[in-house]
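Before anything else, here is the set of structures, which you'll find just below.
Shared between the two complexes below is subunit A, which has subunit B as its partner in the first and subunit C in the second.
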Partner chain A sequence: MNARISHIAANTFREAVRDRVLYNLIAFALLLVGAAILVGQISIDIERLVVINLGLTAVSLFGMLIAIFIGIGLVSKEIEKRTLYTMLSRPVRRWEFIIGKFFGLAGTLVVNTFFMAIGVFAALLYVSHHLQRPDAWLLVALYFIILQLLMITAIALLFSSFSSPLLSAVFAFSLFVIGSFAEDLRGFAAMTKGLTHWVAGSAAYLVPNFSALNVISSVAHGEAVSRQLVFYNSAYALFYAALALCGAVLIFERRDLK
Partner chain B sequence: MPAIEILGLQKTYWVGFWRKRAKRALRPFHLAVEEGEIFGFLGPNGAGKTTTLKLLMGLVFPTAGSARILGMDANDPRVKAQIGFLPEQPYFYDYLTARELLEYYGQLSGVAAKDRAKKVEAMLQRVGLPDAGDIQLRKFSKGMLQRVGIAQAILHDPKVVFLDEPMSGLDPMGRREVRDLIEQLKKEGKTVFFSTHILSDAEALCDRVAIIHLGELRSVGVVADLTASMQGKVELIWRSAMVPASIRALGAECHITGDTVRAVLAENKQDAAIDALRLEKLRLVSVTPVRATLEDYFLQNLGTENAPAEVMA
Partner chain C sequence: MKPARGTTVIASILLIACLNGTVFTLGRVDRLRTGASLEEILYISSPKVLKRLSLGYDGLLADVYWTRAVQYFGNRHRGGPENYKLLAPLLEITTYLDPHLVVAYEFGANFLASPLPDGAGEPERAVQLVEKGIRANPDEWRLYYNLGFIYYMEMRDYARAADAFARGSERPGAHPFLKILAANMAQHAGEVETARILWITTFESTHDRQIKYNALAHLRALKVEEDVTNLEKLVPVYRERTGRLPASLNDFVSARMLPGIPVDPTGRPYKLMPDGTIEVRDPDDFPFITKGLPPGHQAPRPDFSKLKMELPH
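Take a look at the complex of A and B:
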């Protein structure tokens, strides 16, 4: 990575850390452990299932919220507060700024996910007193969550490059919700005909397919995740994120900073 | 080779919901600033000073024309490494300390890692913040932020420094220090291009000035040459507690203090005024030419013009 991108990424990470986002999540992880104790007391035989489902869904949801709410401000806040003026009057290219911001937030989200994952494993350990071999699949589910976070970060950055923070949040959150039901949308497209088929089909393939990246339920049941799925999901998520980033760069390269 | 060369630069913003209305921020103009000059870019608020600086910094894109800095295109990254920029009312990452901010900007400007810490310390010292390096910028006053802004603009030893309203927000002591700093930059051989609407600053510092108004370049030159073109005035002082009607008839501005009258009037009315005083048998104390200031120049040339209307496409 070029030096300027890594400096911008490091500063973005530092900003997020000092915004106390990480501390909120550590608090969340502790809360999760507490919730697991409660769940362990009220559910018989399915404590593990509930803890994994609850824990990983919370990791995904909290990560998404952070990705969206920090991501939408990455560019627009810098324009609004005019911190970009002193940045772009240096030998920093606009695309380097966007990529640096992306890596900075991505790094923050990976660290967050790491801490929250510790919370999930701690809760699991508490309810079942020992970890089992199939619990290793939780790591794959967490990896898929990180892939989802990379995609939504790139999408939030794309919106942030041309829109206000409020609109960006609405767009990014809508895409997150629609993307979570992407498989259903594809199923709906398959059942329709004519213009509806065309519109629903296009929408289904345009929106990020978060449902394909959601294996929480299957790993909670101890089911294995195929290598093929890991490969396809990785390629898909990275390609989608790269595409959204290219869009953000293309827009930002032409934007007047009034 | 000029340090800064503006070649027909112009900027029109498209405004309104459908972006149909054109708002002309800057009419095409040419300008050359020589190396080692302190050049003042003057104009009232909304004249187009900041737009010009943003165009030079590549923050907005010109509708037409181009700009060259140190002989290269203004957007060339090699140019960016050799320029420093202080925006108007600067705002920085307030979660950083002054030292961290300067370190960060040093990294982005390509200051070698081995020199960086030393340069940052020297710069904090130079702008009068030697003890504030470890304080977060959110706790800084406006004047302190302005000093940090100047520090980040000159940290990497640029050849050309652009300052947008560098004295704004500073107390008289701070303004004096910034003036000294700009003069010091000139002594170091740097070119300083600064915008201001505080005319006394420009008068005190600039080798040459350009005056811009309503997005249009009005004049360029040495301050003395610009003001020399104005009609001269003289100041007459005489002993009396009253002003004869014949003097008032000459259009004099009179101020009475005790038994002394001070009158300022057009230079070509001087002889008539002296004759009137003799006729009234009043004792003339002094006759002094009044040097026209940039402020007079502004009031005479730009004072009556209104803000521009938006241009319909």
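Take a look at the complex of A and C:
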């Protein structure tokens, strides 16, 4: 990787890890996993299910919150603190700044997910006393969560490149919600004709499809995830993240920073 | 600061390439995950939990769930389903979230009651759904009509159908046919005529084009079945008179048993087969018919695009 990009990424990672909000969210996620154990104990025969469903959902949701709330401030904070001007006065290009920021936050999220995943597996081990072979599919679900986080980070960065932090948060969160219903949007498009079909179809392909990346409920039942799905989901998430980053670069290149 | 031209060009090319990449890969993902979405969505299958989660926006959520139910039914219907197992839970959630969403009881019950593969083949659940709708909306005459329709068409329960039509006829704004239907049910009289009245009432009381076309297709099927029955009855009469089977429908006209060559609702003449049975010229024009089909030919799936919006004579 370009040395300048890796420096920006490393600094972004360091800054994010120092952020108190980040620690609070991790602590809360771990608390939720703990709650999963308690809920599991007061239900009948679904302790493992509750731990997996609640644990992975917590990893996903808190990852999303971290990605959105840190992602939206990546550009605006640098402008507020005026550190961006210092950076851009050096031989750092604007696109390198955006890409570096993306990799920095992506690295933070991967590390966070790793620690939260350890929490989920520890909780699972606690309730069932041993791990089973189908539990390996949880790793695929966690991998898909990381892919989701990469997409939402790129989206947050895209909005952050032209909008205020508050609006960026609203836009990114709205897109996350819409993306969770993307399959319904495509189902709706398939059932309509004419202009509605065209508009709904285009919107369905333009919004991120998070539902295809959510396999939590099936892995909780020990169901396998096909290799093809892993491959195409990976390709899709990387294409989408790259798409959003290209948009962010194009906008940020034209932004008047005076 | 002017944007770097090279960066803009590369980023634009990459953007277009990535957009194509997302569309392509998403298409592949869709192929791998056909029909998976609803299975997951119904992980929250409790209407009560959903109502709490809606934070008071239960009307909007009911609309979302009703749309889901329609999509689910439409997708399964097109795909040739083995079952519609999620249809009833989806309708239950919808009507729990908004008990006054009459359309969900009305059409939902029809989806549930029609036999496979056109519907879920669950008339008992359809009856439960409409009864629930009537409890929540006691003045909606359409719900009583629906209930009577299901009892008559799908369950052949004349007494309950008569009761439903009679109760419906007393509601404000009820279609005048309901009284006739109640009387017909009570007498078990004129099966074809009763069915015709039911479909005409459906045709006249809905604004939905699909439902109108569906009613029309049933009315055309009734017309064909009635014609075929009547024409086939003429064959033994002709044979008794002349000592031979008629060679064509012209023989009936020559023998003054018919005023002219009878035609089906598309305007094409019926065919008299060598064994004395009657067939339509193009069976694919008539979904829902059970008579007038060539041996071994199945009635086609409905294709409403071919139909004109006019009642058959």
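What we mean here is this: the second predicted complex is superposed on the first by the 250 of 258 C-alpha atoms of A that agree within 3 Å, B and C clash if a C-alpha of one lies under 4 Å from a C-alpha of the other, contacts with A are read in each partner's own complex, and residues count from 1 in each chain.
In the analysis below, contacts are C-beta pairs under 8 Å (C-beta built on N, C-alpha and C of every residue); 3 or more make two chains touch, one makes a residue touch a chain.
The model shown is predicted, which means the values in this text are computed figures rather than measured ones.
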Subunit B versus subunit C as contact partner of A:Ser128, first or second or both or neither: neither
Touching partner for A:Thr57 - first (subunit B), second (subunit C), both, neither: neither
Touched partner set for A:Arg82, first subunit B, second subunit C, both or neither: first
Touching partner for A:Arg254 - first (subunit B), second (subunit C), both, neither: both
Contacts of A:Arg93 with subunit B and subunit C, given as first, second, both or neither: both
More subunit A residues in contact [subunit B versus subunit C]: C
Touched partner set for A:Ser217, first subunit B, second subunit C, both or neither: second
Partner chain(s) touched by A:Phe239 [first = subunit B, second = subunit C, both, neither]: second
Common ground on subunit A, meaning residues reached by subunit C in one complex and by subunit B in the other: 93, 254, 256-257
Parts of subunit A lying in touch with subunit B, wherever the complex brings them together: 3-4, 7-8, 11, 14-15, 18-19, 81-93, 254, 256-258
Subunit A-facing residues of subunit B, complex: 13, 54, 57-61, 77-78, 80-81, 83-87, 89-93, 95-96, 104-105, 107-110, 149, 152-153, 162
Residues of subunit A touching subunit C in the complex: 93-95, 183-184, 186-188, 190-191, 205, 209, 211-212, 214, 217-218, 226, 228-229, 232-233, 235-236, 239-240, 242-243, 246-247, 249-250, 253-254, 256-257
Residues of subunit C that touch subunit A when the two form their complex: 1, 3-4, 7-8, 11-12, 14-15, 18-19, 21-23, 25-26, 28-30, 32-33, 37, 40, 43, 67-68, 70-71, 74-75
